[in-house]
Amino acid sequence: MVSSSSSADGLPPLPAALIDALLAEDVPFGDLTTRVLGIGGQPGVMIFSARDDQVACGVEDAAALLVRLGATVDVLWSSGRHAPPGTPLLRATGPAGVLHMGWKTAQTLMEWAAGIATATHAIVSAATSGGAVAGTVAVACTRKAPPLTRALAMRAVVAGGGVMHRIGLSETILIFPEHLVFLNPRDGLAHAVRAARGKAPERRIVVEVTDVEQAVAAARAGADILQLEKFPVEDVVRLVERVMSLSPRPRLAAAGGINARNVAGYVAAGVDLVVTSAPYSAPPRDVQVELRPL
Amino acid sequence: MVSSSSSADGLPPLPAALIDALLAEDVPFGDLTTRVLGIGGQPGVMIFSARDDQVACGVEDAAALLVRLGATVDVLWSSGRHAPPGTPLLRATGPAGVLHMGWKTAQTLMEWAAGIATATHAIVSAATSGGAVAGTVAVACTRKAPPLTRALAMRAVVAGGGVMHRIGLSETILIFPEHLVFLNPRDGLAHAVRAARGKAPERRIVVEVTDVEQAVAAARAGADILQLEKFPVEDVVRLVERVMSLSPRPRLAAAGGINARNVAGYVAAGVDLVVTSAPYSAPPRDVQVELRPL
Amino acid sequence: MVSSSSSADGLPPLPAALIDALLAEDVPFGDLTTRVLGIGGQPGVMIFSARDDQVACGVEDAAALLVRLGATVDVLWSSGRHAPPGTPLLRATGPAGVLHMGWKTAQTLMEWAAGIATATHAIVSAATSGGAVAGTVAVACTRKAPPLTRALAMRAVVAGGGVMHRIGLSETILIFPEHLVFLNPRDGLAHAVRAARGKAPERRIVVEVTDVEQAVAAARAGADILQLEKFPVEDVVRLVERVMSLSPRPRLAAAGGINARNVAGYVAAGVDLVVTSAPYSAPPRDVQVELRPL
Amino acid sequence: MVSSSSSADGLPPLPAALIDALLAEDVPFGDLTTRVLGIGGQPGVMIFSARDDQVACGVEDAAALLVRLGATVDVLWSSGRHAPPGTPLLRATGPAGVLHMGWKTAQTLMEWAAGIATATHAIVSAATSGGAVAGTVAVACTRKAPPLTRALAMRAVVAGGGVMHRIGLSETILIFPEHLVFLNPRDGLAHAVRAARGKAPERRIVVEVTDVEQAVAAARAGADILQLEKFPVEDVVRLVERVMSLSPRPRLAAAGGINARNVAGYVAAGVDLVVTSAPYSAPPRDVQVELRPL
Amino acid sequence: MVSSSSSADGLPPLPAALIDALLAEDVPFGDLTTRVLGIGGQPGVMIFSARDDQVACGVEDAAALLVRLGATVDVLWSSGRHAPPGTPLLRATGPAGVLHMGWKTAQTLMEWAAGIATATHAIVSAATSGGAVAGTVAVACTRKAPPLTRALAMRAVVAGGGVMHRIGLSETILIFPEHLVFLNPRDGLAHAVRAARGKAPERRIVVEVTDVEQAVAAARAGADILQLEKFPVEDVVRLVERVMSLSPRPRLAAAGGINARNVAGYVAAGVDLVVTSAPYSAPPRDVQVELRPL
Amino acid sequence: MVSSSSSADGLPPLPAALIDALLAEDVPFGDLTTRVLGIGGQPGVMIFSARDDQVACGVEDAAALLVRLGATVDVLWSSGRHAPPGTPLLRATGPAGVLHMGWKTAQTLMEWAAGIATATHAIVSAATSGGAVAGTVAVACTRKAPPLTRALAMRAVVAGGGVMHRIGLSETILIFPEHLVFLNPRDGLAHAVRAARGKAPERRIVVEVTDVEQAVAAARAGADILQLEKFPVEDVVRLVERVMSLSPRPRLAAAGGINARNVAGYVAAGVDLVVTSAPYSAPPRDVQVELRPL
C-alpha cells in the first residue's frame, strides 16, 4: 500500500515559473502541426491511463500544467497511489490546440515521475519484505537526480514512500573523507565532530566511512550517524556488534549500490536507513494517452 | 571514434541563470559541513577522471560552473571524446570551500551527461556495425528527456554523435493519428498533407504510421517522412519494397523501442534514420573525483 | 477574410513572467497620478475600439494582462479578425487604479501587434490579388522582429495570416554564403548539402543565393529550397525556366525587400513563398480607449 | 553632432538575463546549419559596418552579447556617434560556430537601435534648424516603444540626443482627462493639482489638455507643465500669448503627431519641449556584416 | 486616521515570481514537520490578528501568498487601516499542510510591513501634531530599504501615509555634492542647474546642501528643491528667512536623522517635506497567529 | 575577535540574477542626474569606510556589484572582521557614471549587512561574557529576516559569528504546538516523535514548549532538542535540574526575546544554544562614502 496524495504530503504547488519553463522547453510557440492543419479550435478530450503497473506520480503537476494552458481537468488518481494497468489517472477537455500543446509534456512528466516513485516504492517494499516493520527503516534518496530536476524528483521520492537524504549541502552535515583531508593533522575526527556540533547544535553529525575500523573510530569520535559507503552486508553485521553497546548508539546508514534486490540484506543486518540513488535511473513507467474529439 | 568538442559544435554557453539554478538546487547557502569544520579557506585541488569507459560529456559546462564559484579550472578532455577508464577530464583549484560547493553538482552533471552521450554513441556505432557507411543513417533522439533538462540533454545527444528529432512542437511538423481524428472526415490524409505543406512550405511533413498499409497510404498522400511506430523489422522490409518506386521516395524513420541491440536490423532493412528515447534512461557513467589539499 | 482567433491557432497563453514583465516596465509601483489624486478606488469601465481599419491583434493577451491586474474583462473581437473603424475590441471593468495601471500597456500591445498583423495581412492579400489561389503561396516573416519581441511578434504574424520563416537558428537549416566560406575549398556545395542532409534528415535544406547562376548550381547540388536574395522579378522568371525540369524541383523563396506593393509580381513569376521583414516596421494601428466611471 | 558614448551616459550594462534572453530567442541550441556542415571550429572574423548613414547604436550591447558567446570583440565606433556609410562599427573574432550564433542577433539589435537613435536625432536636429539654440528644447520620447523593449529603446533615445518623457507611471505625474472624470464633480482641476502637489511635492504636475481654453484653465489651476495634445501650431501661438504673463509661467509640451517635419514649427511657436513616439516606428538602419575565415 | 486599502492606492498585485520567491526562500519543498507527522491532509483554519497596536499592512499580499498555496482566504482588515490590539486581520482555511507552509512567511511579511507602515504613520502624525494641516507636509521615505525589498517596502510606506522620495536614480534628479565635484571648475552650480533643466524639463531639480550658505547659493542658482542634509532646526529657520522672498521660492526638504520625535520641529520651522529612512529600521509589529483543526 | 572572510566561510557568490535585481531596483536606466550634468565619462574614485564601529559585512558582495557595473575594485577589509571607525573597506575606480550608479546600492547593502553582523556578534560576545567558553553556546538566528532577504541575511549572520537556526521548513524538523493540535487525540507526543524519527532518521527532532511541565514531557517523549519559548531564566534553571539525569539528555534552546542584554543569563542557566531574531531589527551601521575625481 502506497501512502497519500501530494497535497496531504504538504508539498507546495509548482511555482508558476517552473510550469512555464516546462511549457517553454516543448511548445514555446504552440503546436505547429495543429496550426497548419487548422484543427486547433475543435473540442476534444484527452485521457491519461497507467499502461503498466506503477505508483502514479506527477498527476497533480500535470493537471496544473494543463490548466495553465486552458484545459479543464479532473485528477482521477492521486500521486502516490498504486495504479494497476489500465487505471485512468487524468482527464482533460479543451480545444484540440490546447490538448496537443500539453500532451507530451504532461505525459513525459508523469512517466518520468512514476518511474522514480515506483522504483522508490520497490525498495521500500523490499526493505520490509524480510519481516521488518514498515516505517522502522527509512529509504532515503540522494541528491543525484538529473540536473535541474531536484524539486520534481523529490516529489516523486515522497510519492514512492521514500524520504530525502539531504536536499542540499546547506542545511545538513555530512563529513566526507574529502573534508577530513583539509583538517589540521594534529586534530583528529573527534575534534572535528566536536567543532561541528558546537557550530551546528541542531543538526545531526553524519560521517561517511569506508570500512569497519573507520566506522568504529567515527562512532567513538561521537558521530550521530555512520554512513557506510559500499559496505558488504557481512561488514555491517560485524559493525553492529562493535557499536551496539555504545551509548548513545550511532545510527547506521547503508549507502552505495543499494537497490531493491539487496536492500533486505542490509535491513536484516541491522541498518537504520538506506541511502540510494537507484530510483533516478529507473526507466519511466508507461502512461497511455487517448486523445479524441468530444 | 567520437566527434568533436562542444565549442566546435556551435552550441551556446550555458545561460548564467541555468548555472545559478544548478548551484541553487544544491548549495543555496554554501556547504555547511565545510563551514562548521572551519576548513573553507584551505587551498585545494579537485580532479575529475573517467572511472568507467565513456564518451566524456558536460566537461565544459562543469568547468563553467566551477569558474562561477571562483575556482581556477583546466578542461583536460573535451566533451564528445571517448574517455577510457582513468582519463583525467577536469582539474580545478581553489579554496576548499569553493571546491566542496561545486564537487557533487559538477560530478552529477558530468556523470548524467556522459550516460546519455555514451548510450547515444552506442546506438550510432551499432547502426553502422552491419556495414552501413557512417553518417548515412542518423540517430535522432526524442523530446522525452527528463523534465527541464532538454537544453542539457541535447548537448549530450550531440556529444554522442546523435541529432535531435525535434527540439519542440513549434518548428517541425509531425502528424500523429491524434491530429487526424480532429480533421473533417470528408478530408483524407492527402488533404491534410496538402494543407500542411501550403502553410509550412519550408518544413518537411512527417506522418506517424503504425502499420504497412497506413504507411503506404501516407506515402501516397505525399508525406516526406514516414515515422514507423513500433514496426517489426520484417514490416520495414515489406514497406521498403512498396514505396521504393515512388518519386520522390519518402524517407523512413523507425521509432519506438529502438536501441543499440536492435538498431542494426532496422538499418539493414533500409530505414533512413532511427528515432529513440533510449539514451535518456541510460544509467550515469562513473566519474571519479579526487579532492585534496594543495 | 482573416483567419481565426489565437486560441484556435494553438498558441500557448503568455507566460506569467512575460505578463509581469510587461507590467514591470510600465507600472512597477502603480500609477502615481491615480494615487496622488486619491481616485484609485472609484469603479470604472474601459473600452478599447479600433480607430482605423485593422486586423485586430493582441486582444486576448491584453485581456490576460488586465485580468492579472484585477479587472473583469470581456474579449469582444478575436485577434486575427478584420476590425473596421469603430469596432469594439475589449471591455474591462474595475477600480480606476486598476484600469489606469493597465490602460497604456494594453493599448500599446494591441496597437503594435495590430500593426504587424495588418501589414502581414496586406502582403497575404496582395500575394493572391493577381489570381493566385489563397493558400498556395505562403508569406513567411523573418527573425528580424525588434529585440525581445519574437514571442509576441509571431502571434501577430499568425494573426495576419502569415507563417514564421524560421523561429530561430536551432531547428532549421539555411546555408548562407557566410557558411560556405568556411568549407574546405575542395568540397563544393553539393558536398555541403549532402553533409547537411545526412546529419539532419528531417529538415529541408534551404540555400541562400544571390543570382541565377548560383541558384541553378544550388538546385543541382540538391537544395530543397532556394532563397533568392534580392532577385529582380525578371531573374525569378528566368530561374523558373531553368529549374522547372529538375526532379524533384526545388522550391523558390523570394526574399529581400518584399512588400505588399511588389509581392504580386513575385507570385506571378512563380515563387512558392515570400520571405519578408516588412511587417515589423509597420506603424502601429490606432486603438482608441474610452475610460470613465461606472 | 551627436553626443557621447553610452558608458559616458551613465547607463548600466545590460543585465545578464537580458543578454541571455536575446540569445535564447534566436539560438537556444546553437546554429544547426553550422553544426551539420561541421564548420563550427574554424576561426573567423566578423565585421559590422554602417551601410547607410546613421547614428550608431547598440554597438556596446552587441559587443557584450558576442563576448558572452565567447568571441573576442573590438568596439570601433561608440553608440551615439554619427556613422557615415561604410563606417566600421564592431569587429569580432572567434570560432565560426560562435560568430554564426551571434551574427543576426547582434545585427538586428544594432539596426533596430540605430533606427530609433537616428530618427530621434533627426527630430533633435530639426528642432534647432529654425535657429533655436541646441539644448533649449528637449525632445522627449514616450512610453510607446514595442512591448518588452523599453530598456533597450531608452538607450537608443539617449544615443540619439533625446530624453525620456516618462519611463513609467510610478515616478512621474501626468493628469489625463481620463483621471479627471473620476474626481468628485464638486472639485475642480485646481483642487486636483493641489492634492497632487501635496502628496508629491518633489514631482512636477503635468496636465494633458486638448484645446486652448483647457490649457489656460490648467495653467491657472497651477499645472507646472501643459501637455498640448494634438494642438495645431497656431493654437500653440495663441496659448503662448495667454500664459506668458503668468508667474510662474507653465512650461509647454507639444505632443501627438510630432515628427522631424513639423517639429520646427512647434519650437518656433514657443514650446519648451516636444513629446513624440515617432522614432519607435522608424525603419531599422542597415548594418552590413562581413563574415569570413581568419 | 490612516488612509485606504492598497487596491484603492492603485498598487499592482505582487508579481507571480515575487510570491514564488517568498515561498521558495522558506518552503522550497514543503513543511517537513507536517510531512513526517502525517497530518498534512487534516482540514484547518488559521487566523492572523494584531497583537499590538499597528497600522495593518501586507494583508492583501499575505492573502495572495496563501491563495497561491491553495488556501481559501478572507481579508478581514485592509492594509493601511489602524488595527488596535486583537483586531482580526486575515482568515485562511485549508489542509494543515497548506496552512503550515504559509504560516510564518505570511506572518513575517505582515509583521515587517506593519512595522514600516506604523513607523511611517507615526512620523506623519507627529508632523501635523503642532497644528500643521494634514497633507501640507509630505513624509517622503528614502531608497534605503533593506536590499531587494523596495517593492514591498514602498507598499508599506504608502499604507502608512507616506510617499516615496525617489524610487530609484533613473527618473528623478538629485544633485549631490558628489556630482558637483565632477563638473568643470569654471562652471558653477547655476550652470549645472541650467544644464539639468534643459535636458530634463519635466523633472524638478533637487540639490542637496549641507549648510545655510550652500542652500542660499543653490536657491539662487535655480534649484527647485533644497534638500537640507542634517540641518539643525535653527538653521532651517534662518534659511527660510533668506529664501522666502525669492520667486519662485524653492521648496525645502529636511533630510538626515528625521524621526517621529523631531519632525514637528522641522515642520514648524517651515519645511515643505521631510525625507526619512527611519521607518525601515522600525521593529516589526506583532501579529498573532492561531492555527487549529476545523 | 570576529571570524574569517566570506570566501573562507564557503558561501557561494551571489547569483548573477540577484546582483542584477539589486541594480534593477535602484538604477534600472542609470543615474539620470549624472546624465543630465554630462559628467558620466569623468574618471573617479569611490572609497567606502566604516563610520562607526562595526563588523564589516557585504564588502565582497558590494564589490561584485560594482565590478558588474564596470568599476575596478579593491576589497580592503573582509566581511566578518571587526572594523573600527575610519577603517577603509572598499575602493572602486571608474567613470563617474559607473560610480554614481553603484554608490547607494553598495552602501545600503554594506550598512544593512553590517547592522545584522554587528548585532549578531554582540550577542555572541555577550553569550560568553559570563565565562562560558567561546564556541560552546551557539547563537542561532531565525527565519524572520525581512522578506526576500534571507540569502543576504544569512551571510551577515555567519559574518557575525552566528549560525542559522533553520534556513527553511523543508530540511529540519520543529514540532510546534500548532502541529500537535492536528494529531489524533489518542496519540500523544511520544507517538509523534517516534513517527518523525522513523520518517526522518537523519534529522534532530526539535519540539517547541512553553512551560516546564511541557518541556519535561517532551524530553520524556524523546525530543532531541527542547525549544523553550519565552522561558524566564529561572524556569530554565528549574528545567535543567529536571532533565539533567535523562540519557541522552535533550539539548535546550532558549528562544523568544533573546538579545545581547539577557543572553548571558540564559547561558549561565545552562542552555546549549539561543535562538534569536533580534539582529534583523538592528539599525544599519554607518558606512561613509567619499567620491571624487581621479
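By written order: A, B, C, D, E and F. Residues from 1 in each chain.
One rule holds in what follows: a residue touches a chain if its C-beta (ideal position, glycine included) is under 8 Å from a C-beta of that chain, and two chains touch if they have at least 3 such contacts.
Computed from a predicted structure; not experimentally measured.
J.: Go through the assembly and pull out the chains touching chain B as well as chain C.
T.: Per touch definition, common to chain B and chain C: A, D.
J.: Give the pair among A-F, A-E or B-C whose set of contact pairs overlaps with that of A-C by over half, matching residues by number.
T.: It is A-E that reproduces the contact pattern of A-C.
J.: Same or different for chain A and chain E, when you check if over half of the residue numbers at their contact belong to both copies?
T.: different
J.: So, comparing C-alpha centroids, which chain is the farthest one from chain A?
T.: Here the answer is chain D, farthest from chain A.
J.: Roughly how far is chain D from chain F, centre to centre by C-alpha average, rounded to an integer in Å?
T.: One centre to the other, that is 44 Å.
J.: Report the inter-centroid distance (CA atoms only) between chain E and chain F in whole Å.
T.: That gives a centre separation of 24 Å.
J.: Listing for chain A: what residues touch at least two other chains?
T.: 16-17, 27-31, 34-35, 96, 100-101, 151, 164, 167-168, 170-172, 195, 198-200, 203
J.: Can you give me every chain pair that touches, using the contact definition above?
T.: A-B, A-C, A-E, A-F, B-C, B-D, B-F, C-D, C-E, D-E, D-F, E-F
J.: Under the touch definition given earlier, write down the residues of chain F that touch chain E in their complex.
T.: 18, 21-22, 25-39, 42, 44, 96, 100-101, 103-105, 108-109, 111-112, 143-144, 146-152, 168-176, 178-179, 181-183, 192, 195-196, 198-200, 203, 281-284, 289, 291-293
J.: Once bound in the complex, which stretches of chain C touch chain A?
T.: Those in contact with chain A are residues 4-5, 7-13, 15-17, 151, 154, 158, 164, 167.
J.: Would you tell me which residues of chain D are touching chain E in their complex?
T.: 135-136, 138, 140, 163-168, 170-172, 195, 198-204, 206, 225, 247-248, 251, 253, 272-273
J.: Under the touch definition given earlier, write down the residues of chain D that touch chain B in their complex.
T.: Result: residues 16-17, 20, 23-24, 27-31, 34-35, 38, 40-41, 68-70, 95-98, 100-101 of chain D touch chain B.
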